[in-house]
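One chain, chain A, appears in both complexes that follow, with chain B as partner in the first and chain C in the second.
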Partner chain A sequence: MTLFLTFAINGALQGLLYALVAIGFSVIYRASKVFNIAQGELLVLGGFLVWLTLMEWALPLYLGLPLSLALAVASGWLIERIFFKRLVGEQIFAMVMMSIALLIFMRGFMLVVFGPDVRAFPAIFPAKPIIFQGVMVIQPLLFGGILTVLIAFGLSYFFNRTRAGLGLTAVAEDHRTAMDLGISVRRASQIAWMLGMVLAMFGAVVSMNGNSINFLASGIGFIAIPVALLAGLEAITGMLLAGVLIGVVERLTAGYIDPLIGANFASIFPLLLMLLILTFRPSGFFGWKTIERI
Partner chain B sequence: MNKRVVGFAAVLIATLQAGAGALQAETSYSVVGWADFSGPYADVMPDWDGGRVGVINWWNATRGKEIGVRIEYSAVDGRYDPAQIASLWPGVLSEKKPLALLGMGGSDSAAMGPRLPQDKVPMVSAGGGYGFTWTPDPWLFNLRPTLAHEAGMYAEWRVATEGRDKPLRVVVLASEAAPAWVDTVNGIKSYATHNPGKMELVDIIWTTPQPTDLTTDVFAAVGKGIDAIIVMTNTAGSVAVKRALDNVGSDVPLVTGAHNGLTAIAAAIGSADQVTNTFECAAVAAPVEEGPTYDYYRELHDKHGLDRLFSSATLIGVSQATFLVNQLEEAVRRHGVDGVTSENLRETILSHTVSKEEMHGVNGNIQMTSEGSFPVMGLSGYCMTMEDGKLKVLATDVAVPSLVKW
Partner chain C sequence: MFRNPAGIFPLSYRQDMALVRSRPQIAVLLAFLVLLVLGPLYFSPRMLAVMNTSMIMAIAVLGLQINLGYAGQINLGQAAFMGVGAYSGGVLANFSGLSFIVVIPLAGLAAAAFGYLFGVMASRIKGFYLALTTLAAQFVFHFVFINLPADWTGGAKGLAIAPASLFGFQFNTEGRLYILILVVLVLMTYGAFSIVRGRYGRELIAVRDEDTAAGIMGVDVVRTKVRAFLLGAFFAGVAGALWGYYLRYISVDQFTLFNSIWMIGMIIVGGMGSITGALIGVVVVRAIQEGITSFAPVLADAVPSLGSELIFASYNIVLGILIAGSLLIEPKGLMHRWNTIKSSYRIWPYPY
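Presenting the complex of A and B:
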């Protein structure tokens, strides 16, 4: 029973980490209509920015972390400026292709700039797990889970209750209409990419805490896609539920099903779920349902 | 006047011909090495390929020059991806026309397995061998047995050292991202099945090629009363398990191969002092700074452009290149400077033993046979650990056990 609880609790916390990465998809999508396939690469870049300030430059945490945050915001702005600025109002297909190009570019860029070495990642949260009555809880994931919940509700409030956030939401509806209403689509896109990059950096801090980083550590980006699709791309708080669901089932599968079948079914489970969602409920459980008037 | 011009022209032509003859005296053979500069082994590949280049530079400048043969070496990045390697191969074959290939790992072994006999190009690898290449009439030659053999070597060494009367209970970390990693699990399963008194495979932790946090998996594994966790994947896997063991406060030993071992973990963690209770076992020379292997490395380093550290990965590259140049020399002896072909080089490899001295102690005597792609008899290796931030060899000449094919 204690092992079951360990799997279930850490699975839920791992799921919240997926949700944090998935919120990155959502924020960029809601404000720029780009489904950013390269979100995992943004996470690696965010991780390297933290590594750069805290390990390479050996700055204290109170200086290094804010500087990483500033660099993440600047990176998001730069990515939007270089890759997506000219795509405002263009077809979705062009944005998807650019997102794929960004993924390929970022992998090469990080290999060239940061090299192929596996590097130590700083421990910002305490690495030692909490063990109570035989149940183990991973502390970085616990802190990450709390951070994710706060971010999700904060962003949900921003997008649904503030004038600036509602402006960004209008952009996600349609670029042309938003421009007709006097909303700056370009500015919305810039804010989205800066936010997306910051979220990616937080994701890196939680997932790599006290472990290691190298240019290939972007796999979590793909695991987060099913979470985003299950919740619905526009549903920020829905990501929490979807993340917990996928995380718990994945963890229990790894703990109980994989040893029985002698293979890694847990890793394909989220992708299997993604196929089912796309087949039966493409807008996810909490996503917007588009009504078209003819 | 005309006679003088004709005479001058004749002398000029004769001089030019002599010059051209001198240039032609050195016959070039192309050798291509599969590399992984942008995949899961990118962190160790510069050392690995540096070892190859150092040996080839040395050979070209010394023994190759004496016999009038030069090796033109080029590395091709296959990203440790069988599909990528398979797609690159036709271009490599037609453009580089390699006499032989230097392999890198399971991905090129899997991709090139059916292509080598078809295109009649031999390949020499020095990482652990694979069950799926354990077939007769090989074109792929691996200087080491499989990683499962090396895991068995650790188990037998530990059982003997501790005088255990119970098998070693182990958990293996693996990933389905590469055929070689699944093959290693199958090999260890086979060893445990056939040696129930020595090893019991308790569980397998399946993960990604770049795992970050494995605390939950390791916590569950440690709770099963295990004696070791074996990681034969890559550095990221070793580091994730080491961190997880530290996180849960466990003293269960971590066991790695040479390609993802102590020096690579120390570099990734950032401090050799933290690499405690970790063991590296492989059927190759230990990277210790004494003896003929280290002397050989120093020569390559000081005089022939080997600019990489004396690490296990560097030694893997040195090992395969040294074996190849020795076999090429033997092929030249048998067939003449211009008479070496990929096919007769393969025949040479199958019939000529490269001695431990010729290998500079990097490996023992290596005799390939047509029964399989790697030697399985009379092999030995080392087990070492890190103590107070320094490598410490615990045993050399540890016998590699025999395994039943899987």
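Presenting the complex of A and C:
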């Protein structure tokens, strides 16, 4: 029973980490209508920024974190400026392709700038696991989970209840209509990428805390995709539920089914679950259902 | 708009849809084909190897062009479909001892069956959601072929394949394989042209441009999308089987997500919705890749820390810039630019 609880609790916390990455997808989507396939690469970039300030330059935490945050905002702005500024009003297809271009460009860029080596990542949250009545909880994930829930509700309030956030949401519905209504799509897109980059940095801090960083860490971006699709791209708080579902399912599969069949079934079970559920609900659990007109 | 050369006036639909319209065009096409067939005589060994891999890649990209450029269904799993073709071809050849003439089409069908799964998804899911579900193909492929019994597929070690042979003639040198691959490529290119020029090709284009409207006009949207995936995966499967016969060794690491993405890059650079564009994209992107490989020693001195990741890294940077540049400067691809130039000299000295 304690084993089951350990699996379930850590699975749920891991799932909240996926949700944090998936919220990055959602935020960029909600403010610019771009699905950013390169979110995993942004996460690695964010991680390297933290590594740069805290480890390479060895700044104290109170100085290094704000600095890396500022660098993250600046790089988000730069990415938007270079890749997406001129795509306002373009078709979905061009946006997908551009984010693919961003993905492969950043993979190469990061290899050149930071190299392929594995680097030590600073411990911002205490890294020691908590053991309570035989149930082991991974502490950075616990703090990360709390952070994720707070961020999710904060962003959800911003996007659904405030005037500025609703303006951004309108951009996700249709660029042209949003422009007609006097919303600056350019500005929305900038905000989207800056927010997305900051969220990616948070994701990096939670997932790599006290561990190591390497360009391959971007794989988490692909693991988070089932979460984003299950919840529906527009649903920010929905990501929490989908994340916990995927995380628990993945951990239980890894814990109980994988030893039986001797294969890493946990790596694709979330994807299969996603395929199954999307067949019945094509826009996820909480995604917007669009009515198509000609 | 497409313009015929001066003096060519199609009098029937058949003439209007013809692939080659004038005698000089036939002559040029034949001369080009002869030059290609004689390739092994004058290509250097490295050039021959590059040509072989490029032509195999071109077959898979042709399929992707039908799937993505004509039907508008974004497919991030073409390399996985190719891998399915390679493995089913390899396993079939090793266990049944059938000739490659039978194995290659069967491998194509096996890949098409895998593609069918995603075609069915495409009938329900659209846009971003579909593009991302095709990512799953990549992961499912990797999982399945690593974990199938090792005496079938070799598991993580990979699978060795006997050379293709026909009546005792073995395709075991670069030059012989070149001819085999070239013949398949020409057949598949002709097939692709025929598919997209007919009624079915127009259905694909209608679905790409506006699927709801196409449905209202009487196009069976679901069937069209499923067929687009079937065809795209079939081409990939044929390419995969050839890949197996060419390298005679396959492993799951040869068919990664990055390979799929590079294929999409080739299509964007060459031009969406054009068979010739797909071929041009392959040539341009592969030329750049080989250029980078040639410059690798120079680059290695400039950035010594990268080591073995150097080529991968620089290739990704260049292709990323290339795709982004194409989308910003010429979103319709090189083929569109070429067509513009062509019609401008055909109507010279008039502006339109």
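Here is the rule we go by: the second predicted complex is superposed on the first by the 289 of 294 C-alpha atoms of A that agree within 3 Å, B and C clash if a C-alpha of one lies under 4 Å from a C-alpha of the other, contacts with A are read in each partner's own complex, and residues count from 1 in each chain.
Throughout what follows, contacts are C-beta pairs under 8 Å (C-beta built on N, C-alpha and C of every residue); 3 or more make two chains touch, one makes a residue touch a chain.
The structure displayed is predicted, hence computed values, not measured ones.
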item	value
Contacts of A:I225 with chain B and chain C, given as first, second, both or neither	second
Which of chain B and chain C A:S283 touches, first, second, both or neither	second
Contacts of A:L241 with chain B and chain C, given as first, second, both or neither	neither
Chain B versus chain C as contact partner of A:M274, first or second or both or neither	second
First, second, both or neither for A:P116, with chain B first and chain C second	both
Which superposed partner A:P140 touches (first chain B, second chain C, both, neither)	first
Touching partner for A:A263 - first (chain B), second (chain C), both, neither	both
Touched partner set for A:V149, first chain B, second chain C, both or neither	neither
Common interface positions of chain A, toward chain B and toward chain C	107-108, 111, 116-117, 263-264, 267
Of chain B, residues touching chain A in the complex	37-40, 42-43, 45-46, 175-176, 203-204, 206-210, 212-213, 215-217, 219-220, 223, 235-236, 239-240, 243, 246-249, 264, 267-271
Residues of chain A touching chain C in the complex	29, 35, 37, 82-83, 86-87, 92-94, 96-98, 100-109, 111-112, 115-117, 222, 225, 228-229, 233, 263-265, 267-268, 271-272, 274-275, 278-279, 282-284, 292, 294
Residue ranges of chain A in contact with chain B within the complex	3, 6-7, 10, 14, 55, 107-108, 111, 116-120, 127-129, 131, 136, 138, 140-141, 207-212, 214-217, 219-220, 251, 254-255, 258-259, 262-264, 266-267
Residue ranges of chain C touching chain A (in the complex, touch as defined)	72, 74, 76, 120-121, 124-129, 131-133, 135-136, 139-140, 143, 146-147, 210, 212-213, 216, 257-258, 261-262, 264-265, 268, 303, 305-307, 309, 312-321, 323-324, 327-328, 331
